[in-house]
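Notes follow the structure.
Per-chain numbering from 1; labels A, B and C assigned in written order.
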Amino acid sequence: MTEHHLANSHLGFLAYDPAPESASVARLRPSYGLFIGGEFTDPAAHDQFATLNPATGSSLATVAQGSVGDVDRAVASARHAYDTVWSKTSGAERAKYLFRIARIIQERARELAVVETLDNGKPIRESRDIDIPLAAAYFFYYAGWADKLDHAGFGPDPQPIGVAGQIIPWNFPLLMAAWKLAPALAAGNTCVLKPAETTPLSALVLAEILQQAELPAGVVNIVTGDGVTGAALVEHPGVDKIAFTGSTEVGRLIQERVAASPKRLTLELGGKGANIVFEDAPIDEMIEGIIDGIFFNQGHVCCAGSRLLVQESVADEVLRRLVRRVEQLRVGDPLDKNTDVGAINSAAQLAKIEELSAFGEREGATRYSSSCVLPTEGYWFAPTVFANVAQSHRIAREEIFGPVLSMLTFRTPDEAVAKANNTKYGLACGVWSEKGSRTLWVAERLRAGVIWANTYNRFDPTSPFGGMRESGFGREGGRHGLEAYLNV
Amino acid sequence: MRIPAGATVPTIESEMQLRTMLASLSGVDAVGVEGRAAKLATRSVKKASKMAAIDLAISMVDLTTLEGADTPGRVSSLCVKAMRPDPTDANVPATAAVCVYPDLVAHARSALAGSSVAVAAVATAFPSGRASLRVKLLDVEEAVAAGADEIDMVIDRGAFLSGRIGQVFDEIVAVKQACADAHLKVILETGELVTYDNMRRASWIAMLAGADFIKTSTGKVPVAATPPTALVMLEAVRDFAETTGHLVGVKVAGGIRTTKDAIRYLVIVNETVGSRWLTPELFRFGASSLLNDLLMQRLKQQRGAYIRADEFSGD
Amino acid sequence: MSEPRLDVRKTYKLLINGAFPRSESGRSYEVHTATGDFLANAARGSRKDLRDAVSAARAAQAKWWGATAYNRGQVIYRLAEMAESRRDELAEHVALSEGVSAKLAQASVSRVIDRMVWYAGWTDKIAQVFGGTNPVAGPYFNFSIPVPSGVVAVLADQESSLEAFVDAVLAPICAGNTVVVVASERRPIPSVLLGEMTATSDFPPGVLNIVTGFTTELAGTLASHEDVDGIDLSGVAVESANELAATAAGSIKRVLRPSDSSPDRSLRRLRAFVETSTVWHTIGQ
């Protein structure tokens, strides 16, 4: 054997050479205006704020702070488009617009993936393989409902609601825009979309795509800004329906705000998902599923499997394998194709994660953090597992929204169900077992809107997604996802 | 991975004991394992890492010819290529071994004299394994007597699929004995075992019975090595090492034609059992046309242009 | 002075297993425009062509159903893209075949393309509309899924050269069936053009097979072929429909009878070649 080749084997130490995607694919402009009435406004006409690349902390571009006046103009534009154009557009024609949008997303997939990774901090592998393809798929799926609403199970000829105000979070910026716009437009509504403050860019590229698709002016309006902009939209009397995805705290405020109005409301809020592992789980796939459940998208996932409930008889073995697997996670430059875990989206979010993790240690849980070297610039947190967590610990009850897993144990299926349900949330759970009857038994008792069996974090436009209790109400995806946007 | 000190391979004294042991193994979720293999396929191995991977892969090839039409001439040609894959570049490593039918072992032995390339022989009524134990053992003995360094045997899939796992186990033990100093690779023929659960169980049977290597396929049935199959086998090898302290190698064979395929497998090895297995001592590719693609990619990395196939000898 | 340029005329062939052969019988027949002018020699398909087509359809069916519903939808949408880009050609031949004005033909083609888009959007919704869970009185998870019947034979409408053809073939295809269709005898060209477009739409070979020829000569073969799971008798004269339906009974085929062309609000075409498979699974610790 040629010894020197083996000694030089870079593969031997998990050191794949850097394989970076190119940031220039993104074609970012230095500053952006708002998208109202089918046109971009002049950036200079607005106060601007910077959107940062969380992997470096540096500015990517500046975007407009939408004022109360801007929101008013956007709503008026959506109303005008609804009254004069969109409500007179047949389902078949609406379908074709949505198919066009889906197609263009596919065509510009690479550009969108890079923009998303730059603005959000998530690994390019995830934006490329999951966010962007799913965004296109949601448009394709709902395009196909637009011309067949008669058959959606809501009675003959169901009608849209009118103007929808939609506020989306920073964790899946383009995908959340797709989840909101596609069903709303398919059902015949017009929209005003408010992207998250820290991730406005992919929505602005989407606006260009809407122009390319020749969507009639005003059918979709995009107003960037912070919480003030969002509040203006929620309170605007010209909006018929509000859809919000974000934290439970803000969701409460919104629900309170619209309580006295006729506005329809759907909310998709936080969660503290229980990933339940029985002793007969398929062991290697289960470890991957736990990892996927909490470290996918840096744990910035409302439905994250952030509580691991392991049957006590296999807890030690699961922890051993889990810790070993966590060490293998590649944390670093989100633009590198080999990166598994990217940056935390903002300094604010990083502070929250650090605070709760420190509390976890003080509460007495045992902390295992990856020994990965974190970059010095930007916002980073090492993937972490807490073992010996008690049901009453803060880290077992509060949503951390980061790459932090809390591990608890149980003895019987009843106990697993009781512990899983012992939360004010009710968004998602996972169940790992090779025994189908038990999986189904547990599933019917879990108070969660989404239950994954022997998998986790799987999304599909045909599959309804949403929570119970304080994780919100309403469903996105599937036939059920149309209900929020129909006057039924 | 932590290999425990003083751990040993348990002695299996009855089929019942073997059955109990296998029943304690976890099942494999097909969707999950295929998903994991697909995710590992997204690893991008470029530049210096790619060059190192190519050289590593070349050094792991068991250059194979297993045709009814094989002749001494064909085998000689193959041996020359195995020793010096690229006649114009002495830096290209030799392959790990040459793999032939038993009646050509002596010829391969003399053609490879003085080189580092081992002679591997398929035996035990390869590829079907459908013959008496007596005949299969004689097949092995003759190959060993002719100078084979390595024996690639096939398990009795009929026995496995009809539940006679004790017989499968006993045959491997008997073949291992007949191998004497030759190292033993046990071919599971995963394409015929079909389910990942079967592959996991067969892997453990082979390892408990004394296999030095477990191998995916004969290359003679439609379904051969696949990334999820390799993943399942490598997981079994990892778990076996952690339980018994014994390191078993893995050979993937059949249908591996491109450098891209080969690197996919090296990534799976790297991220399942770790770098300890990234050596011809513990990982092999059973292939024929793969070598030329590795050489072409190696040259492309150096020259920066796509290469034509005729740059390298056909055999 | 330049001489008038001679155009290269097209040969209209069969579509079987993704390839475009002539009839194995070597026969052809004359197709005329609605006003009686010679249009083309079309292949006069034989029962052996049908045999090959059914064989191709059967071989393709498991894989077509095995693709995701999303993927099937993408393929059918691509057919709409192809049809849109070649709409003038389609309209020209609809006008020639049916004797309608260019304007009416264009309107017909527009409806056809929109109809293709309609079917493209059905693939991933059929299960949601026709399937569901059933609350049985016991600890069982019980769910019903709509699955395709398999290979569907279609005797296409004789008068409508494209609109009825598209409905008759895309409905079973979007539900996961594969199709062997005998095109309209006197007005086959638009369907043959559509067949060409499937070749550039990522349609897997064998999903749609088109045989041109004499309906009365071919219908019996399909009605009696035991490896055909369903048959659409739209293009058959009323007198022979009964007899063919009786023949089809020999292998308990699902039979769709000729009907009026009113809008299908009951989704009858989509339901016609779909079977319901219901699964029970115990629920318990």
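Assume contacts are C-beta pairs under 8 Å (C-beta built on N, C-alpha and C of every residue); 3 or more make two chains touch, one makes a residue touch a chain.
All of these numbers come straight from a predicted model, not from anything done at the bench.
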{"item": "Labels of chains that are neighbours to chain A and to chain C", "value": "none"}
{"item": "Farthest chain (mean CA position) relative to chain C", "value": "B"}
{"item": "Chain nearest the global centroid, as defined over all protein CA atoms shown", "value": "A"}
{"item": "Chain centre separation in whole Å, for chain C relative to chain A (CA means)", "value": "41"}
{"item": "Centre-of-Cα separation between chain B and chain A, whole angstrom", "value": "43"}
{"item": "Length of the line joining the C-alpha centres of chain B and chain C, rounded to whole Å", "value": "49"}
{"item": "Chain B, residues touching no fewer than two other chains", "value": "none"}
{"item": "Chain A to chain C touching residues, read off their complex", "value": "92, 95-96, 99, 137, 140-141, 143-148, 150-153, 412-414, 436-438, 440-441, 444, 461-462, 478-479"}
{"item": "Complex contact set, residues of chain C against chain A", "value": "69-70, 73-74, 77, 114, 117-118, 120-125, 127-129, 139, 141, 265, 267, 281-285"}
{"item": "Interfacial residue positions of chain B with respect to chain A in the complex", "value": "1, 26-29, 31-33, 35-36, 42-50, 52-53, 55-56, 59, 91, 93-94, 96, 116, 235, 266-267, 270-271, 275, 278-280"}
{"item": "Of all residues in chain A, those that touch chain B in their complex", "value": "1-2, 5-6, 8-17, 19, 125, 129, 280-286, 288-289, 324, 328, 337-338, 434, 454-455"}
